Structure formats: C-alpha cells, structure tokens
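Structures for review follow.
In what comes next, chain A is part of two complexes: it sits with chain B in the first one and with chain C in the second one.
Let's look at the complex of A and B:
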C-alpha cells in the first residue's frame, strides 16, 4: 500500500490543492495528515473543510492545539520576542477567523495515529511542540521511535522533510545497588526510521515548494516529494488579510530560519 | 576538597532528616554542599517543622540547596500556583482524603516559599533534580529501560544525573555502544554517522523519610567522581549508626 503523509498546511489552500493533485498523480492509496492545519496562512477554514471532506486521518498539531486551548506555551516556542509577537498576531487573527465547527474539529483530533508498525505524530510522541531535528542525538531519536512502539515514526513540525535511518543500536547498563551484586543489561534495536513529512503550506527547506512524503508499506521505500505551486497567490492573500507581511516574505523563499525554539528538545509542560 | 551530600524525600519526617544531618556531621571528609532533591513535605510527619529546619541550618551546617519534588508540585496544584488545579495526580494516587491532609499539612506561606525553589541544579558535569528534565514525576529506577536512561542523560546534558523520584538508591552506568544514523533530505543523503558516546550514569539518591525504611542518601566527591551510598539508622534508642555501602 502506498501512503502519502503530509503536515503543516498552515491555512495555505493553494499549496494543499497542489499537493492533493500530486498525491492523486502518484496513485497513493491512503493519505495521513500530521496536523497544523491552521496558523500563519490566510485560509484556515477552507483547509480544514478540505481535509474533512476527504476524510483524511489527522493528528493534532501545535497550532491546532493552541487555537483550541488558547496560547499557553512559555517562550520556549519562539526563538525571539519579535517572533513571539508576530506568532501571537497570527494566533489572534486565526482565532477570530475560524468557524465554531472548525474549532470543534481541531479539538477532536488525536495526538497520535497508528497503522500497524507505523506511528504518526505532529512533533514527537511526547508533545506537539517538540522538534525532532535530523541533527538530534541518534540515541535520543531512537528513544522517540521506541517510545512510540513503532518501527517507523512519521512527524512534522520542523517544516523540513527528511528520512533518518537508525541501525544497529546497542547500549548496556550496569546497575549497582547497595548490598546487591552488580547487574548488567544489554539493549539492541533493529532498524528504526523517522520520516519527517516537511510542510505543505509553510516550507522551510530553502525553496517555496510544498513538500510531503510517500511511503510504500510493502517495499518500505520512502520518497520525499517537492511540489511547485502558485505561492504568490498565497502571499498576496496573506497581505490582503492583514497577517504579518513577513509570513508572505518567508513563504516566497522557503525561509530556512523561520520560527523554531532555540532549545528544540524542550517540552513545554504548560 | 568538595564533598556533596545529596538527598531527597524527607516527606515531613524531621527525625529522619536530623539523623541524616548527624551522619553528615560525622563524615571524616567534611561535607561542603548539601543538595535536597525535593519532597521536603508529605502527608505524614511535620512538614512545617521540616521546612523550618531546612530554612534555618545550624551553625556549621551547609545551607541546603533545595529543588522542588513531586509533593511540592501537588501543593502548587492544590493552591492554584502551577499545573492542573485540584491536584489530580494526588487524588489518583492517594485518594480524595489526601487533598484535605496535604492542605492542612502545608501552609499557604510555606507553599509560596516552595514555589520559589529551583526545578533542579546543573553543577559541574552533573544535573541534580527530583525526576528528570522530562518531568518532576519521571521515575527512574534500576529497572528503567536502558534506552530511556540514555535519553534522560542526553536531555540532561550531564555526565551524571542525580535523581530522587523513585526513592531508590542505585547507580546505573549507561554505556552507549553503537548506532549508525543516516539522514536523507531533498538535496542529499549524508554519509552514515556513528553515534557512540562515552559512558554516563544515573544515580538514585535513596530517600530520607518515607515510611518503611531506614533513611538513605548519597555522598559524592566531584574530585574522585566517587559515589558513596549511606544508610542511616534513625532509632534514637540505638543511636545514629550508619551502614556504609561504597560502590
């Protein structure tokens, strides 16, 4: 079975349409979405309506959570006060714009989806806000896949697609307790994979094209897809709607250094 | 030369805390730093007296460096200072009656003092914390899966993680063996990288005041990197002897 996995649409209806067309052309059997349907972009309602109409299994992203729960993250979510300020502006705009039934739908989304040995999350199995970066320590990355009780962990949130293969993991623990002899435990892990789906509507890989991934459950082949679309339309709509113009500017560039907390592994408990 | 005493889980047991302080005073190599990794207060004993004692060290005693623990977090929840309201974790674990008991055991003024404590301490290449950086309720034990211990050490960004949540005394040396990581992006497949690391360790510091056992804590010498487990006999009738268990 061929799966298409997408994430981080962020109210970009143009990009979503282009990706859905590409998925159709690739003859995928099933689509999964890893959340962040809203935020940053000008068409949150249309995006949610499209996802719902196609009955695409979707998990909740950090923006979806914030719209439902209200902004309650600490400053860990932003790299600077400037970024935090424009993030709050976008949140307020989205909060005003979305329809009640859209908010209700976002509230109903699960944190995690599963299909056999595959697990689908927005950020990590711990939190929608945690970034699984490709540079993250390999053992920490391996722990996330194991914590999800999966062989393949699909995630988004970073807006940059990648495939990470973790092979031949071994480690040992020697435990000493008072009055007891030392115990020794060995741990080995078979091949585990993290597949980041990138971003449909706010890519940050250095080009403006939308990204998503294809995964063949029979061959386990992974294909990172990059889809051109008319991003200028979305940029114009961002300006027209009164969203911070920098969102249009960086969308046009696939800005690599957009919002990401400095401590990518920090799990906000608020 | 530095010599740290690290303890956790007094849980209102003033007698047990005094026994540990007496044992600390008897050390041939003087203790230079005293760390308390949370759970000063609890349902039993006299939490207010313990907090007063911690806040007022006697002449010659180290000023304790205290971080918050699971019981302090329950107080914050009860008093609406942090986390979810009405202490759902407390109710789940100890029942509804515990809400009233804890409310009466720890005053508002004390809770506000507790709320100003740190979440943990980074000292030298060590992290001293109640649970882990994941959560105050993260319970690391000798049975915790190796990959989880390894992850907590990586998150801690420390060579030694001292923790108190489990109440158990143990030293777990984590030795990452091999791990091959290959990353493919839209633009390239990077050469595989080996992710081996030098050994690190998790140290459970025991507990001072929980019911059903003798007070325990650890001494740590940063100069020699040696951990020494201490188990203190707190019965006044038998004197304050200590069983020493050096790993």
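Let's look at the complex of A and C:
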C-alpha cells in the first residue's frame, strides 16, 4: 500500500492543491496529515474544508491546538521577540477568520494516529510543540519512537523533510541499588525510522516548493517529494487578506514565517 | 598649514576604509568629519569609538574647528555620495580632493572633481540623476534582542523593505556589547565588528547607536516599526542585564 503523508499546511490552499494533485499522480492509496492546517497563511477555512471533504485522517498540530485552546504557548517557543510578535499577529488574524465549525473540527483532532506499526504525530509523541530534529541525540530519538510503540514514526513541525534510520539500537543499563550488587542489562531495539514530512505550506528548506513524503508499506521505501506551485498567488493573498507582508516575502524565499526556537527540544509548560 | 582632504565616491566604495588607514597615526593631530546626516552619524560615532585619539567633529562645529586648526593637523572630510560636489563649501578652502571609486567606473562627476582617484570596492555606482535615498535614525538607548536583530538585518539587506544598496549601523546588545554592522550590495554578506568600548550593563546605554540605510523604494515606516519590535522592553533588558552582570562581575562595565 502506498501512503502519502503531509504536514504543516498553514492555510496555504494553493500549496495544498498542488500537493494533492501530485499525490493523485503518484497513485497513493491513502493520505495522512500531521496537522498545522491553520496559522500564518491566508486560507485556513478552505484548507480545513478540503481536508475534511477528502476525509483525510489528520492529527492535531501546535497551531491547531492554539487556535482551539487560545494562545498559551510560553514565549520560549519562539526563536526571537520579533517572531513572537509576528506569531501573535498571525494567531489573532486566524482566530478572527476561522469559522466555528472549523474550530470544532480542529478541537476534535487526535494527538496521534496509528496504522499497524506506523505512528503519526505532529511534533513528537510527547507534544505537538516538540521538534524531532535530524540532529537530535540518537538515544532521545529512539526513546521517542519506542514511546510511540511503533517501528516507523511520521512527524512534521520542523518544516524540513528528512528520513532518519535508527539501526539495531542497543541500550545498556547499569542498576546499582543499596545493599545489592550492580546489575547490567542490555535491550536491543530493531530498526526504527523517523520520517519527517516537511511542510506543504510553509517550507523552510530555502525554496518555496511544498514537500511531503510517500511511504510504501510493502517495500518500506520512502520518497521525499518536492512540489512546485504558484506561490505568488499565496503571497498576493497574504497581502490582500491583511496579514503582515513580510510573511509573503519570507514564503517566496522558503524562509518560513517564523523560524523554530533555538532550543528545539523545548516543550512548553502549560 | 593644516592638510585638508575631502574624500568622495559612491556608497560602499570604501571611503571610510581608505580614511581609516591614516587615522591610526597619532604623530600629528587628526580630525574627521562626515557632514550631511545631522549632528551625529554612524560613521562619526564609529570613528570616535575606533580611534579615540582622533577628534571627530560634529557638522555644526565644522566651521569653528576649521578656523582654529593646528598647523600640523590633518582633517579628513568624508563627502557622502548624496552631497553636491560643486558645493561652495568645498570651493572656499584648499582641499586635496580624493575620489574612491569602483574599478569599473570609467567616467563620472567624481573623476572630473578629484585630484586623484583611489580604486575601491567593486560596487555599482548609481546612474546620473538616480541617486539612492537615505534614511537614518538614532537608536540611542535601544537594546536589541539578538535573534530579532539578525532576522531584521537579513530581511532589510535582502530587500524585504525596499532595495538596499548600503546599510550601516551601531547596535547595542543585552550582554552590554555594541556592534558595528556594515552591508554593501554586491559584496558578500554583512560585516559585524564588535566595538572596543566597555560593556554597558546597567540601564539603557547613554551613548550613540543608530542606523543609516541607502536604497530605493525604502519602506521607512515598516523598517522603523520592525526595529522597535526587535528592541527590548525595560523589563526584558533588566532581566538580561542581571544575568550578564553575574557572568561578568570582574569586567570593567559602565553603570549609571
């Protein structure tokens, strides 16, 4: 079975349409979405309506959560004071623009989705706000996959697609208890994979193209797809809709509207 | 008789760099003036910080200083690209006229004006009648959130707020250091130079900082707003300074 996994659409309807067309051309059997349907982009309602109309299984992203729960992420989740101010502007705009039924739908989204040995999350199994970066410590990365009780963990949130293989991990544990001799135990974990789908609507890889991944459950082959689209239409809509014009400028350069926090492992305490 | 040298050329051609090589010499009195941008400009402040032995002259005091220059003195007058080469002020005194020009510029008003031409940076000189606009503002007292300042400078020099040919600024950071930042369109990257001045770790710095931007179609309002959005509040600055004071207790720092 061929799966298409996409994430981080961020109200970019043009990019979503282009990705859906590409998925169709690639003859995927099933689509999964890893959340962040809204936020920063000019068409949050249209994006949600499209995802719902296609009945795409979707988990909740950090922006989806913030629109439902209110903006209560701590300021450490922004990389800079400027990004925080812009993030708040985008949140206020989206909060005003969003339809009640769209908000209800976002509230109904699960944190994780499962399909056999596959697990789908937005950030990590711990939080929609945690970044699983490709450079993350191997032990911590393996812990996240094991916590999901999966062999393959699909995630988004970083906006840069990647495949990370954690091969035959061996964990050595020494336990020293009072009055007892030290015990030494080893656990062997079979091959685990983390597959990041990148971002459909807010890429951060230096080009404006949308990204998503294809996964063949039979061959376990992973294909990272990069899809060009008419990003200038989205840029024009950002300005027409009254969002900060700098979002359009950054989108056109694949720079993301607000880059991730410096402490990528940071998880907001609520 | 004092030696008067007027230096002109396009934005980013290397006028200040050319002058700087002579300002290290402390054997005779040196003066530096950079008129056209008000009382205190980024260049004037930077030269003052970099060469403490040099007398930097505010524009308003230029005539007074000229009238009373010591015999052995050398005065460097940096005449910006936006100023008139035919100014009566230049005609009144026996200036040695130096043009710092891009190597590819074969013909220009500067060639006709200068006593000698120095080859400078390979920048694109503006066409006649198409000089870039200049926007400048003092930022004294403002201290910047470093990643915000970085984003702002990337966007500004990348063309997000209009086409920028040149940007130079002095910015204060919350660890008490101040940096000179220089960008010339056509040259690689932005240059960051830490100024050799004491860390300012108590309250808002009471020394000059500011920015000058030359370019076309500059969105001044948005640049100013983005600068303010990147500057720290009193509470945030106090928090940073408390942290850095504990890290640098033995360093010489300015307190008010």
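Assorted remarks:
By our rule, the second predicted complex is superposed on the first by the 267 of 270 C-alpha atoms of A that agree within 3 Å, B and C clash if a C-alpha of one lies under 4 Å from a C-alpha of the other, contacts with A are read in each partner's own complex, and residues count from 1 in each chain.
Rule of thumb we're sticking to: a residue touches a chain if its C-beta (ideal position, glycine included) is under 8 Å from a C-beta of that chain, and two chains touch if they have at least 3 such contacts.
Just so you know, these numbers come straight off a predicted model, no measurement behind them.
Chain B and chain C, once both complexes are superposed via chain A, fit side by side. Contact with chain B, but none with chain C, is seen for A:146 once the two complexes are overlaid on the shared chain. Of the two partner chains, chain B is the only one that A:164 touches; chain C does not reach it.
By the document's definition of touching, of the two partners only chain B reaches A:175; chain C does not. Of the two partner chains, chain B is the only one touched by A:224; chain C is not.
Touch criterion met: A:83 reaches chain C, while chain B stays clear of it. Using the contact criterion defined above for the overlaid structures, shared-chain residue A:246 touches chain C, although it does not reach chain B. Comparing chain B with chain C, more residues of chain A are touched by B.
Once the two structures are overlaid on chain A, chain A sits at the apex of an angle of 90° toward chain B and chain C, using CA centres and rounding to a multiple of 10.
Of all Cα pairs spanning chain B and chain C in the superposition, the closest are 15 Å apart. On chain A, the surface touched by chain B in one complex and the surface touched by chain C in the other have no residue in common. Residues 83, 134-135, 142, 145-151, 154-155, 168-186, 193, 195, 197, 216, 229, 231, 243, 245, 247 of chain B touch chain A in their complex. Only residues 145, 147-148, 150-152, 155, 158, 160, 222, 226, 229-230, 232, 236 of chain C touch chain A when the two sit together in their complex. Remark: chain A residues 79-83, 85, 245-246, 249-250, 253, 259, 262 touch chain C in the complex. Partner chain B is touched in their complex by these residues of chain A: 126, 134, 137-143, 146-147, 160-179, 183, 185-187, 189, 205, 211, 222, 224, 226, 265, 267, 269.
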